[in-house]
Structures are given as C-alpha cells and as structure tokens.
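In this document, chain identifiers A, B and C correspond to the written order of the chains, with residue numbering beginning at 1 in each.
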Amino acid sequence: MALFERMWDMCSELHFPSVREWKRAHPDGRAIAYFPVYTPVELIHAAGMFPVGLAGAGDRLDIQHADARFGSFICSIVKTTLEMALTGHLEPFDGFLFSSICDSARNLCFVLKRNFPGMYVDFLHLPHNPSSPAATQFLVEEYRRILAELERLGNCRVRDDTLHRSIALYNHNRALIRELYDLRTRNPEQVPTWQLYQLIRAGNFMPVEEHTAQLQEALVQFRAGGTKQRDSIRIVVEGSFCEQPPLPLIRLIEDAGCYIVDDDFVIGQSWFDSDVPREGDPLWALATSYMDHAVCSSVRHDFRKPRWEELVAKVRRSQADAVLFLVAKFCEPAYFDYVPYRQELERAGIPHLQLEFEEKSFTFDRLRMEVETFVESLVFD
Amino acid sequence: MTDKKEYRGSIHQRQKDLMLAWYGQLDQAALTGTPPTVSMMISGNCVELLEGFGAVPLYPEINALQLAIRHQSLDPILAAEDLGYAADNCAYVKADIGCLLKGITPTDGKLPTPTLILCNFVGCNTYLKWFEHLAKFQRVPLYVIDVPFMRTDEPSRSDLDYVVNQLNETVKRLEQLTGRKFDYDRFRQAVECSSRTEGLWSQIKHLARRSPSPFDAYFDAITLMGPLYVYRAKPEGVEFFEAALAELEAKADAHKGVYEQEHFRLVMEGPPPYPYFRTFRDMFAKWQACAVASTYSTVGGLWEFGFRHDPDHPFESVAMHMIAQNVTNRNLLQRYEQIRRYVEDWDADGVIIHFVKSCRLFSAGQGDMRDYFTKQLGVPTLYVESDLEDPRYFAEAQTKNRIDAFFESLEHTKATASIRRKV
Amino acid sequence: MRIVAGVDVGSTQTKAVIMSDNGGLQIIARALVDTGANVQRAAERAFDTCCRQAALHTSDVGFIVGTGYGRYKIAFGNTQMTEITCHAKGASFLCPGTRTVIDMGGQDSKAISVGPKGEVLDFVMNDKCAAGTGRFLANSAEVMGITLDEVGPLSLQAKHPVKIATVCTVFVESDILSYLAQGKTAEDILGGVHIAIAKRTLSLARRLNIEPEITMTGGVARNKGMVQALEEVIGRKMQVSPDAQFIGAIGAALFALEKLDQSFEFGIWRGEHAASGGH
C-alpha cells in the first residue's frame, strides 16, 4: 500500500528530510531528537519545537566510529545512534533528550554531550518509585526543569493553555493508536502488523497533526479491508523495544503463521492507557498520567503491580495463544525481565518462545526457522 | 615473584576479623531471626539508617565478589542461566541468585532472609532488576529508594527533597517490619561515626599522593573497602581506619612503597576481575606499577574531595551522599573529571581502563573515555577487557600481552622524557 | 501400502529417504548428495536417486515433506516443516525413548525437548557465537595443524586434559598456542577443547529440562571424542544412531505419513514468501 511505503521511507531516511523540511518552513524552529522509550513530547511541542523520535539506523549505516567508543556487549541502537551523530546525520537537530531506561543509553547521553558541546543534551530522570507519594512532585519539578531549558533554547515562554493544546493533540493521536490496536486484537486479519508498524513508527518523524490525519486514513482503510481469515495462532510480541526489529522480521513472523494481536514495538507513542487530563496544572497532569496511567514496560519500574502479572493479563485480554519474546541482542532490561516473565507464563500454562534479534540484521533464515518450529509445535500437538 | 607485592600489615588481619564477625552476625540472624537484616546495594548505601534500628546490612554484591575470589562463582552462575538468565546478564546477579537457588554461601555460615530488601537505586539499572528478583524469590518486601541521577552539576532542592522523603518512608517501613522504633539519636551518632570514618579514609587515599605510595589504591583499597561498607557508621569502623591510617602513615614516612621501587603510578578505572584477582595483580606487579587512585574504590562513596556526612543534618547529608557522592550515580563526564583530577593531583603516569562485560554502568562508553584521555589530554591509557565475576571471560595470554606492551612503551616514554607531563 | 518421502536440504549436503509401511514402517531407500549451488537440483537428484533405488516411479510416492534450510526451494514437495520439528520426529523413531535431542552441526547447535510422539515441546539454539559448534573444533584443528578427522580420536587419548577457560573460539587459539609452547601434548589439548565444547553445549541444553533418553544428532555426532566428552559432562550415556545424518529426512517422511493418514489438518497458512521460495 502506498500509504505504508511512504511511512517506511520516512522511517528509513537517515538525512531526516521531514525534519529539514519542517525547519525550512519554520526558520526559527528547533528540532529536538529523543531517544526511546518514552519522552513527554508535549513539552517540546508546546515550546514550538519539533519532537523527533530516533530509533537507530537499522542496517543502513555501517559502524565505523562508534565501535571505538562503545565496546562489545553493547546493543546496536546505542552504537548506530552515536554513529549517526559522528557522521553528521544528526546535524538538523538542536537538542537531544534521553531518559532513565538503562545504563548503556544513559552513558550514550553523556558521550554525546561531550562530543557535541554546542547541542542541548539532557537527561530526564523518570521516577522508579511510584509508590512514594513524593514521586509525582519530583516528576513535576523535573518536567519544569526540562521546560525551562527548552524555553531558554527557544527564547520563549510556554503558557499553561499552550501546554493544554499540545496535550489535547497528543491525546487524540494516542487515542487513535489505541483504536487501531483494539481493531487488530479483535480482527487481526484486517490489520497486518507489518503495515501497522510502519504507520505507528512514522509518528516519530512527523508533526503530530499530520500523523493523526494518517492514522485516521489508515483506520478507514483497515476497517474496509476484507482479507480472509487464516488459521494462524494469536501471539503477543514482547520485547522492551528501544532497539526496533527489522521490518522483514515482523513480516516473517506473520508469514510463519502468526497473528500479532498485541505488541510493545513503539510503545512510547501510546504510553498512556487513557487521556491526559486537560484541566488544572498541565505538568501535574502529565506527571500523574506517567505515574498512574502508564503502560507496563521493562524500562519502567512500578512495584505496586508486578510486570509479570501484567503480561499474563495482557495475554488473556488479547486472547492470545502464546507469547513471543523478541529480545534485542545485549538488551539487559529485556534479558532480566525474561526470567520472571517465563516463570509466570509457565505457571499460567502459556506457551512462549524467546528469540534474539539485531536492528542491523539483514538475513533471517534462522529466525524464520525458529518461529516456524514454534508454530508447528503449537499446531501439531 | 616475591610476596612483597601484596600489602600485608596487621590491618589485613584485622580486616578479615571484622568481616568474619559480620558474617557471624548474619549467621546468628539466620538462626535466631535477630537482629533484623536489610539487603542493600553497596553503591551510595545508607548504612547509617540501619543503625537507627540496630539492623545489620546484607550486601549481595559482597557475596558475589567473595564467591568469585574463592573461585566458586561458576556453578551458581550456571544455575542462574538454567533458570533463564542470559549469558549477557550481569554475572554478579547470576552468582547471587544462583547461590540462593543452590542454597550455598561464600562462607560456611548461613545467610538470613532479610527483613527488608532495600534497593538504593543510584544509577545502576541492574540493581533495580536484581532486587526485584530477590524480593520475588525470597518473598520479602521490597522498597526502592529512587535516587535522581546526577544530570546537572549539583543536585537540586527537588532532588534532595525526593530522597529525604523516601528515607523517611524507609524508616516507617522498617518500623512496621522490625517492630522497633527508629532511634533518632543512634542514627545521628551513626552519621557522626561515618563522618569520622570518611575523614580517615580520605586521609588514607591522600597518602597515595606520596611517592612511593604506601599501598595500592586499587588492589589494596578493595580489600579495605569491606569494613568501609559494613562498619562505616560504627565505632569499630572508626577504630579500624584509625589503625589503618596510622600503619600506612608510618609506612609512608619510612618511604616504604608497595614494591622495591615504584616504577609506575597508575589510575585504575573499573571493577577488578575478581576470579583472577591475584593473576591480574601479578601482571602489574611484574612492572612494579602501583595504583595511586581508582574509581572503583569510590562506588560506596567519594570522600577524597571533601564531602562528609553531617550529623547536624543527618537525613540531608545521607541523601546528598546517595545522590552526588558516589561514582555510580555520577555521570560519565563527572567520572572523566574525577580521573583527570587523580592523574594530575596524584601524579600518575597513566590510566588503565578495565572494561567488564557484566557492568554497563562502568563499561558502556569507556572507548570514549580512552579517546578523551589519549587524544584530548595526552595521557597514556590502556584498555583491557574481561569480567568481574564470570571466570569464562578472561583471556590471560592476551591481557598479559597488552599490559606488557603498554608498560614497554611507557618505559620508553619515561626514559626519553625527563619531565612528567602535566595535564 | 503407503509410500512417503522426506527431503532434507542442508547447507552442505542434501538427504532424502523413502519410507513405506508395507509390513511395518521402514526405510526403503536413502540418498545423500552434495547440495552445491543449485538447491532445487540437489533436492531433485536426491529424490530421484531414492526412487530408482526403490524401483519406484516418482508418482508412486504419496506425500513428500521438505525440510532443512532449503526447504522452500523443493518445488515438488507437498509441504515443508522445519528441521527442528523433523529432527525431533526422526530421533524419536530411530532411538525410541528419546526425550532430549542434542544436535551439533558445523555452524550451529540446538537442543530439543521431545514428547512421547516425537513432538517438539521446547527448543533452544546457540546464540551469538560458535563456541558450542563444529566451528570451534575446526578452528582448533587448524591452529594445531591437524585434520578435523583426527581431532576426535586424539582427544580420546588425553591423559591430563588442559583447562580451557574461555568461551571464545578466537581467544582459544591463543590459549592453544600457549599450551603448545608449554609442551603440552596434542591429545591433552584436544581433550580440553572437547570438554570445553561439551560444557558449552550442556550449558545451552540446560535451558530445557534435560530428560533421558538423550539422543545426539548432527555432523559432530560422528566425532567419538565429542560424544564421550558430552557423556562425561552430562553424566549419562547418549544414544547416537548410525543413521544420524538422515534423521531430518526421516522425520520429514514420518510427517508425510501422518499427513497421508489425515490424522490432523495442516492448518498453517504460509504466506506468499513461502510459495515463492523465501526472501
């Protein structure tokens, strides 16, 4: 479909034509890149800036410089992101935001800071103790701090009503993504994941208003689509995705006989399970939404409800038959979570398979065989 | 090799006694259920708080490293991998969880199931997962003190308030769990002990500025670190470090170094390869290369630049220590600055970067660190790789070659340059 | 009487078997050819050779299942199954009571947990590196200047196998050179190498429940030194079938029989990529 090819081109272009175009149209505008998984994009948007989600360079960039800075046993997305920076690809950006997802990503933040002293590089400490009543206040102050930096960078002042407008726009965008995911869970034959994925991921590179329009168009197309039902097994794909799977990998999973009825591929884009409130202090609204209405993820720690129980609940909700853990090579948070996840799935009698991938893979025979074997083992009981 | 390459004064024995006494207390707690014990992380630990309850700290990291030093870490690591932990998960975690699975401990004594698993999250994301898993396996309550990362030059008021609030919440939790009332005076006294111990430790660290240094600030410092984490807030800790300082000062005054001659002075970055601790040390001893400073010895706290716990502001200073005064919660650039200060003020010839596969906090980006020191500052820097806990990741021949090549070249440089380079 | 075939296209060799249930289930023909560059041709040659051996016409064969990495290129096949699924089935048939399969090939190794009917319950494959595979052996042999065929027998003569600590096949080369320089014998070094590989393989397999009987398959199964090292490290005798090379093809043929039996439906839809032979 032409819609999705356009989306994919946007995701693949390492020179960020959409960003350059936006800057041409907004001569004083600033583009702020952010590293996965979640960033409060409303703050960037309200400051009149263009938030762009980076997701590594996949297999499109050979690592020539980044290996010397980051050694072995480090995931690919950290290295390709640094490689992009060191080879000038990130030139259209004025700032770079990281958050507290893992040690490798955090060290990358400071390596960039040292190597690009002219750029605004910041680190957002998202709370890891939501059971503390003090955590929300802390997060509000942290958002205030980031906002102040953005105001300084953009030489502007951000008012509450501007923030409310940005929140409304992103609420709408997220609501549409939730709707698309719901449609796929109910009628997976209507929503091939390899198409949905390109659509969602393109949101990283487009102004939110444009992306929302694309989501609406896609929703209509998907609903109208009448692909016939297949005998596929329904699976949840779980992977703590910061590093993204190559598109052919998603296709081969579906081709091997799976309907992906839920996933956490670009989860930062639909981070909240409901709208962020539009009344009261907008920073407070964003902070409480993060604390109490955020989805489950391996990079967010909320000890009030164990992630492994949430995973089983997700499987039941989406009426899935099995779970496929897709772990990026060297992704420590995902490796750790696998242990309690696996135990809980075994207790619940839910079949599962764990596979490793790299964003820069371009041959998939091995993975194809493993997924097919898994499907065969479930079907030929 | 002569045995003069290891520091073995009376303090070495005293250190062993103290650690054995601690393990004895833990064994007692396992048998009788008293005193209460609290699992905690070494980095930025708040052991002072425990004193307010008469609670004893339990440090899974110390268990892990003890296993590795005694060459017992492989079996528990394999047991953990059977459970599903990956080859690339931190081996400290695997060794510790493996011990739990196999019911073994590094000493012959028992280890208690703690009253509370207190995760002082100071930068290391692995800490969060590790303690989360322990809490699940041991069925013990977990509380996480979320310490904001050093992303600005100084902590903000908001950062401090957040941590102080959580410390207060920890106190309430411990009151509920132990049935004991928090003894504020004991806590204050503990903070006071800490400030004294820290002062002594800082003086010891500064002794290494002398030439020759009376001790190795990496290999020997690591040995002295045990009492620092377990007894810092106790009078026994103060006594121990008073004795240590006296002994080392006497050595320094007598111009006694670690080796016959101090040929090279080094700053060491990164944890040691515990399963090959002795072997690794020998590789430097061969060249009579002495560490005069190290970043790893500041994981529990960074005191050589003046910070002390303050008994007049006990909660705030504990919070400050956890946020800003330990190497793990400080950002990578602040670590570069720390090492640069060591090279300059402790007058070092070079930097050794030991990349460990298990620890991304220390290791991710060390290539950039090397770039900074060699290209920007012109400081000779060597980069070697292995692991801190898993014995399968040590290439002895290769590591030795790299170290030898480094010192050969450094020797040549020193011979041809008559003045040490200032950065 | 029903006649079925299984064709296993591997990266270096292609195997085919024809089985019939005339008076009991049995293999009535088998063939082994080099895969070469043309996978489709290799599959055809292997199958045709089998038919001639059994004095059958190709149309006499009721159902053909293809497996192996080239399975999608077998145009004359009726359907395809992965080699893991087929290995489990084949190993169960050749070595009754099989509950665990350890397959060590040239480039990869796998462990499979097998049910009573030869069905796959769980499986693991080696991650990132070559440490538990034939590649490790090949590298070690090269460093020592001996042939791959000699490594197994030599290792069996080890008196004091050396300790190989590292998991990396590149690093082990320096260790081997170091030991040679120290005057250690080739037998002792190879003994150590075999044990290191066995431990690594066991480490992989232990992610499943290792249950007896354990059957070893794959090219490395022909190395008696490796079999012994594995048995030592696992602490149990393993089954190794003389037909080990054909296990995949046999498993495929058995699935072909089940299909012919109509005892279950092939309900899996394999997308357009499958029909066109993959990417």
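Following the convention adopted for this analysis, contacts are C-beta pairs under 8 Å (C-beta built on N, C-alpha and C of every residue); 3 or more make two chains touch, one makes a residue touch a chain.
Bear in mind that the values here come from a model prediction, so they are computed numbers and not experimental data.
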Per Cα centroids, the chain farthest from subunit B: C
Which of B-C and A-B has more C-beta contact pairs: A-B
Cα-centroid distance, subunit A relative to subunit C, in whole angstrom: 39
Inter-centroid spacing, subunit B versus subunit A (mean Cα positions, whole Å): 35
Between subunit B and subunit C, centroid-to-centroid distance (C-alpha), Å: 48
Touching two or more other chains - residue numbers and ranges from subunit C: 127-128
Multi-partner residues of subunit A (at least 2 other chains): none
Per-residue overlap in subunit B, given as positions that touch at least 2 other chains: 84
Subunit B-facing residues of subunit C, complex: 127-128, 165-168, 171, 174-175, 177-178, 203, 206-207
Subunit C contact footprint on subunit A (complex, rising order): 230-232, 248, 251-252, 254-257, 329, 356, 364-366, 368-370, 372-373, 375-377, 379-381
Subunit B residues within the subunit C interface of the complex: 78, 81-82, 84, 87, 391-398
Contacting residues of subunit B [partner subunit A, same complex]: 83-86, 88-90, 93, 121, 123-126, 128-130, 132-133, 136, 142, 144-146, 148-149, 151, 156, 158-159, 161-162, 165-166, 169, 331-333, 336, 355, 357, 360-361, 363-368, 371-372, 385
Interfacial residue positions of subunit A with respect to subunit B in the complex: 67-74, 78, 100-104, 106-111, 113-115, 122-125, 127-129, 131-135, 137-138, 141-142, 145, 301, 303, 306, 327, 330, 332-333, 335-340, 342-343
